[in-house]
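As written, the chain order gives the labels A, B, C, D and E, with residue 1 at the start of each chain.
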Amino acid sequence: DDVTVFAAASLRDAVGEVTQVYEAETGGSLRPVFAASSAVARQVAQGAPADVVLLADAEWASWLAANAEVRAGRVFAGNALVLITSQNGVLDDINTLPDAIGDGVLAMAEVTSVPAGRYGQAALQALGLWDALAPRAVQAANVRAALRFVERGEAAYGIGYASDLVALPKLTVAYAFDAGTHPAITYHALTLTPAGTAFVDVLMSENGQSALRTWGFTPPPDMP
Amino acid sequence: MLQIDLRHSFPDFTLEAAFDVPAGITALFGPSGSGKTSIVRAVAGLLQCDDADVRLGARNIGRLRPHQRKIGYVFQDARLFPHMTVLQNLRYGGRMDEDQVIALLGLDDLLMRRPAGLSGGEAQRVALGRALMAGPDVMLLDEPLSALDGPRKADVMPYLEALRDQSAIPMIYVSHDMTEVARLAGRIVVLDRGRVVVQGAVEDVLADPVAVPYIGVQDAGAVLTGRVVGHADDGLTKVETGIGALWVPGVAGRAGGPLRIRIPAQDVILSRSKPDGLSALNVLPVTIAGLQEGRGPGVMVALEAGGARLLARVTRRSALSMGLAVGQNVHAILKATAIAPQDVSDR
Amino acid sequence: MTDWLGPAEWTALWLSLKVAFWATLCSLPFGFAAAYALSRGQFWGRQALNILVHLPLVMPPVVTGYLLLLGFGRTGPLGEAFEALFGLVFAFRWTGAALAAAIMGFPLMVRAIRLSLDAIDPGLEEAASTLGASRLRVLRTVTLPLAWPGLLAGAVLGFAKGMGEFGATITFVSNIPGQTQTLALSIDTLLEVPGGEPLALRLALVSIAIAAVALIISEALASRARVRGRG
Amino acid sequence: MTDWLGPAEWTALWLSLKVAFWATLCSLPFGFAAAYALSRGQFWGRQALNILVHLPLVMPPVVTGYLLLLGFGRTGPLGEAFEALFGLVFAFRWTGAALAAAIMGFPLMVRAIRLSLDAIDPGLEEAASTLGASRLRVLRTVTLPLAWPGLLAGAVLGFAKGMGEFGATITFVSNIPGQTQTLALSIDTLLEVPGGEPLALRLALVSIAIAAVALIISEALASRARVRGRG
Amino acid sequence: MLQIDLRHSFPDFTLEAAFDVPAGITALFGPSGSGKTSIVRAVAGLLQCDDADVRLGARNIGRLRPHQRKIGYVFQDARLFPHMTVLQNLRYGGRMDEDQVIALLGLDDLLMRRPAGLSGGEAQRVALGRALMAGPDVMLLDEPLSALDGPRKADVMPYLEALRDQSAIPMIYVSHDMTEVARLAGRIVVLDRGRVVVQGAVEDVLADPVAVPYIGVQDAGAVLTGRVVGHADDGLTKVETGIGALWVPGVAGRAGGPLRIRIPAQDVILSRSKPDGLSALNVLPVTIAGLQEGRGPGVMVALEAGGARLLARVTRRSALSMGLAVGQNVHAILKATAIAPQDVSDR
């Protein structure tokens, strides 16, 4: 009896590790399915055989809660938004960012559809920098694609999650955005079946949370 | 018996033809663009006529789909299926008399070949066999030999004769070549601009000076029917015809068998007295039945003897100097060697 | 070689082959029918069919996937009909991946077949009909075999597209390991996580090798057909 | 009508047309050259070219986009060469979107042209050469015009693909409104937000309408060519 | 002058032929598969021979690409470019003597038409014009008329004659039809299985009993050259030939102009005494120069008078009964109307 977890693609490595924890602790087996949050939400609403859904986005989480028979939902992790660079080193004053970029570009995820893009736009707006940077912003399909532009030297800076840096040693944090400049970054677990409850329990357990930490995620805001 | 009555208008051509096709071969003859192919396509159901009445015995097939008509059609281009072997092509429409057809058309050695590897004459024989093996009630042959050159044409001709002699269905044979027509057809329908202008038995039409303008001066010439009397050691055959006994180059027919000989008008020489010491073996006493002047330097002379007719074409000058006149008795001289083998057929 | 790919990747490879194969095989008859209708038909709505066939090419793959989800999902009208009539479920099954691949490859297949059909001499079809072959038999025994180069080209394009299809598939049937996670989906998800590139490129090489084999076989078949056609 | 789409959507529409048009136009000569080499050439590496041409079909679009980024990005070797030689920059420009569309449509275009080339009677090319035409002139005056149906089909397929291309485009040049945000990218973005479906489908209808116009024009051209060819 | 020396091996056929082509028409004659097309393709550069030496005057063109050879090639199928008008087709290779070529071939009314709308004869005339307008140094004509039926062939023939008379380049003319060959060609090269078996002036080869097996009994017949003496009112033309004066059906040549007449052997009747009261206008005293028996019932008789030669084919029986022998004086009888217009040409 497999437990099926539908998860946002950005959780791939972390969920992989939680899977091992789950299988070791319960003896059951787990099948993770990764796709974009939008695809995951829509498919589950159309009856995809998921026991649990892990979304990287509050909006799709509430959309799914309204469009499917969700038994329970809770936030299981958070993340920090950071400015990332490959060569330019630490940026002491975020207000110098437009100058630092010069005639280069700033890589982001899509600001209307991808959560990381939305958070980044909000943070820059809060800092009063968005109007200056909007023409320089290139919007990738997801965070990973945005950071690839930075990695390749196509973009001077990029905005992504702290968790993304774990697997990308060549990239460094140039600036950490204050959590108050953008909506809280939350990862949501929605339980659809009793079997799913067991997985969420493991996810919230000490071992589960430490696996998430290994991959750079922070504990959910309501947890210490 | 096939009865055809068609009416169809193309943007700048109108077809309006009615004629009957009894068992045996009926030739459709006429200049390019006179509507021969259109008629054949209409009979096959490939051309949707404005008005088509095609009766085959009691059946009216004029409104059937082509595949329901039981018609064998041999196209000018063989139209063999390139992805099948010769044998597969042959069997496409059926396997009627398979062994006989293959033997009749000499196809044994070709069966496993592909159409692309065949010469034009071979391809046309296969097309013929394919149509025959479907067991059709009517055969339509649209210039089946015209894409072939002389020697290849000569290869296929005997097969067509054998076919005519061995089956009893109506066949329409389109051709521009009077040699073919005279050798194969029993009847001829001459078309001009979509209409039938002359029709009748080949012997009558070809010996009729009135039909000459439609047939062409060079192609004019009587067709004699006769009977083989016997074969001589020196390769000549004696044939008894209405007009008298003729020696022709040896043919295959057995003694007593029927034979047809086309005598082109321009190969006949006339003499007032019986000539002597000539290399021409055939000298026949005949009576002049008619004289018709043409546009050129020639005069067409209709000759008669024993109820049969012959046509001769002589210069106007000779006609004058010899004082040729209707009712006069003259001698017609025919060379045996001038009677081409393709103008003799054993029926 | 077994070390080179993990078991999950072997599974994805096998699944991709299955999906692309069945997508190609099952869509060929429909592709031929559509190409035939477009090449020969004079019916009204010919243009409409033509446009319909090209839709999957014109729309972003995600839209096609979304429409498939609406129509063939578990609760979609067509999905319910297929389940009731044939017991065939597409939603979140490999069959759905094959459906998505087939739909996405359809315009390519139809165009290729149609170019071949347009080049067939209608005289051969006429000849077959005078030999007593009904329209259906002419189609089966003359038209179809002569359209072979186009069918082959169409099958290759369909198969290649089936190997590469991503957007419509993941949107329609998601990315379920062993069920709908084809090579293309594996590659794509690997490219979405940091550090996934090396394995992704290795998988891409596998796809390419398979497509190369398919291409070489199809070229050999086509040239054999040409040689046979000539003599 | 102006109310029906917002200014951002009008911009995306215009950009899509520009991208698909230039992608098709610029890839046609290369498509013809590749098809000609595949159809006539006997050179070694013909199979390799064949495989290369088909790659964008076989690989997931994201991989193609990724490879384009590696090659034609600002720091990629080809990107640097093009910038140095022609002053042509692809990275994050509409030109890059056109390049991605051209590459993705290339296999479709080449197949279509090749089927037409294979159907040309070599006797006509021989005749032209005896009339003193060099190989190049034969190509230009005989082969090319006779391959017209395939060129037309190839152009339509390329254009349609250009309208629909998403994965390679966004990976290579990202989604920059007014610069690289084509209709397909707009549609995709809209589908990623809850409630974006109605506008997304409206944009999809616009794509379809454009493709329909292109198809109808191409069919008309093709049938005119057929009528002229017959008499 | 074109000098050809070729050697090439196909899997089961070897070509090994060397011959010269002077200005004027040289016919290539031989059975199907004897290598005629292969030679022509090799001269044009379309067939890459193992060993090809093709000299045109001082130039060796044997290794040039086809488009560098300045060769006009008329294919059996016209191979017109379907996407161009007739005029565009004509101008494809050049615009040499444009107005003359169009007038010569009677193409004025066709210029704006498309090839698909042309009849076979029209298409072949356009192909001829297209080759001519490129201003070639050599013309190659591969059965240019064989796809046409009789009347259409007759349409094109005068254009070929006019072409021959008005240009001074070497031309190779492939044909199975001896009427065409005799009418058009000055020289003939007979091929058999890839090798040249007989070659020479048409007059000599066709009147040579030894060449008969290669040419075929039916096609054998001498070619006489003569000079027009004058035209009579009744449509006949008097021609002075080596063998004597002949009356032939009216031809266009002006008085004093040269003329060629083919006299098929089977149309000649021999008589020991001068016959009288015959409709045949031409009776010529000749001497028997040779007798050759064939396989059939015929004997080929070579006749001579005034240095010219004639062939007659008579039955063995006639030869015996007339006691024909070499050296004997006899009369040859020729019908004026049997001399077909296509066997007379004004050169």
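Rule of thumb we're sticking to: a contact is a pair of C-beta atoms (placed from the backbone, for glycine too) under 8 Å apart; a residue touches a chain by one contact, two chains touch by 3 or more.
The structure displayed is predicted, hence computed values, not measured ones.
Shared contact partners of subunit B and subunit C: not a single chain qualifies. The set of chains touching subunit A and also touching subunit E is given as D. Ranked by distance of CA centroids from subunit D, the top chain is B.
With chains reduced to the mean position of their C-alpha atoms, the one farthest from subunit E is A.
Averaged C-alpha coordinates give centres for subunit D and subunit E that are 56 Å from one another.
For this pair, subunit A with subunit B, the centres built from the Cα atoms lie 91 Å apart.
With centres taken as mean Cα positions, subunit E sits 28 Å from subunit B.
Separating the CA-averaged centres of subunit C and subunit E is a span of 60 Å. In subunit B, no position touches at least two other chains. Touching of two or more other chains is recorded for residues 66, 191 of subunit C. Annotation for subunit A: residues 36, 145 touch two or more other chains.
Under the touch rule stated earlier, the contacting chain pairs are A-C, A-D, B-C, B-E, C-D, D-E.
Those residues of subunit D that touch subunit A in the complex are listed here as 66, 69-70, 73-75, 91-92, 170-171, 173-176, 189-196. The touching residues of subunit B, counted against subunit C in their complex, run 44-46, 65-73, 75, 77, 79, 81-83, 92-94, 114, 116-117, 130-131, 134.
By the touch rule above, subunit C contacts subunit B in their complex via residues 121, 123-124, 126-135, 137-138, 141-142, 145-146, 148, 225, 228-231.
Those residues of subunit E whose C-beta lies close enough to touch subunit B in the complex are 31-32, 119, 143, 146-147, 149-152, 176-177, 216, 218, 232, 234-236, 247, 249-250, 265-267, 269-273, 275-281, 296-298, 312-319, 322, 333, 335-338, 340. By the touch rule above, subunit D contacts subunit C in their complex via residues 47, 50-51, 54-63, 66, 107-108, 111-112, 114-116, 118-119, 149-150, 153, 156-157, 160-161, 163-167, 184-185, 187-188, 191, 197, 200-201, 204, 207-208, 210-212, 215-216, 219.
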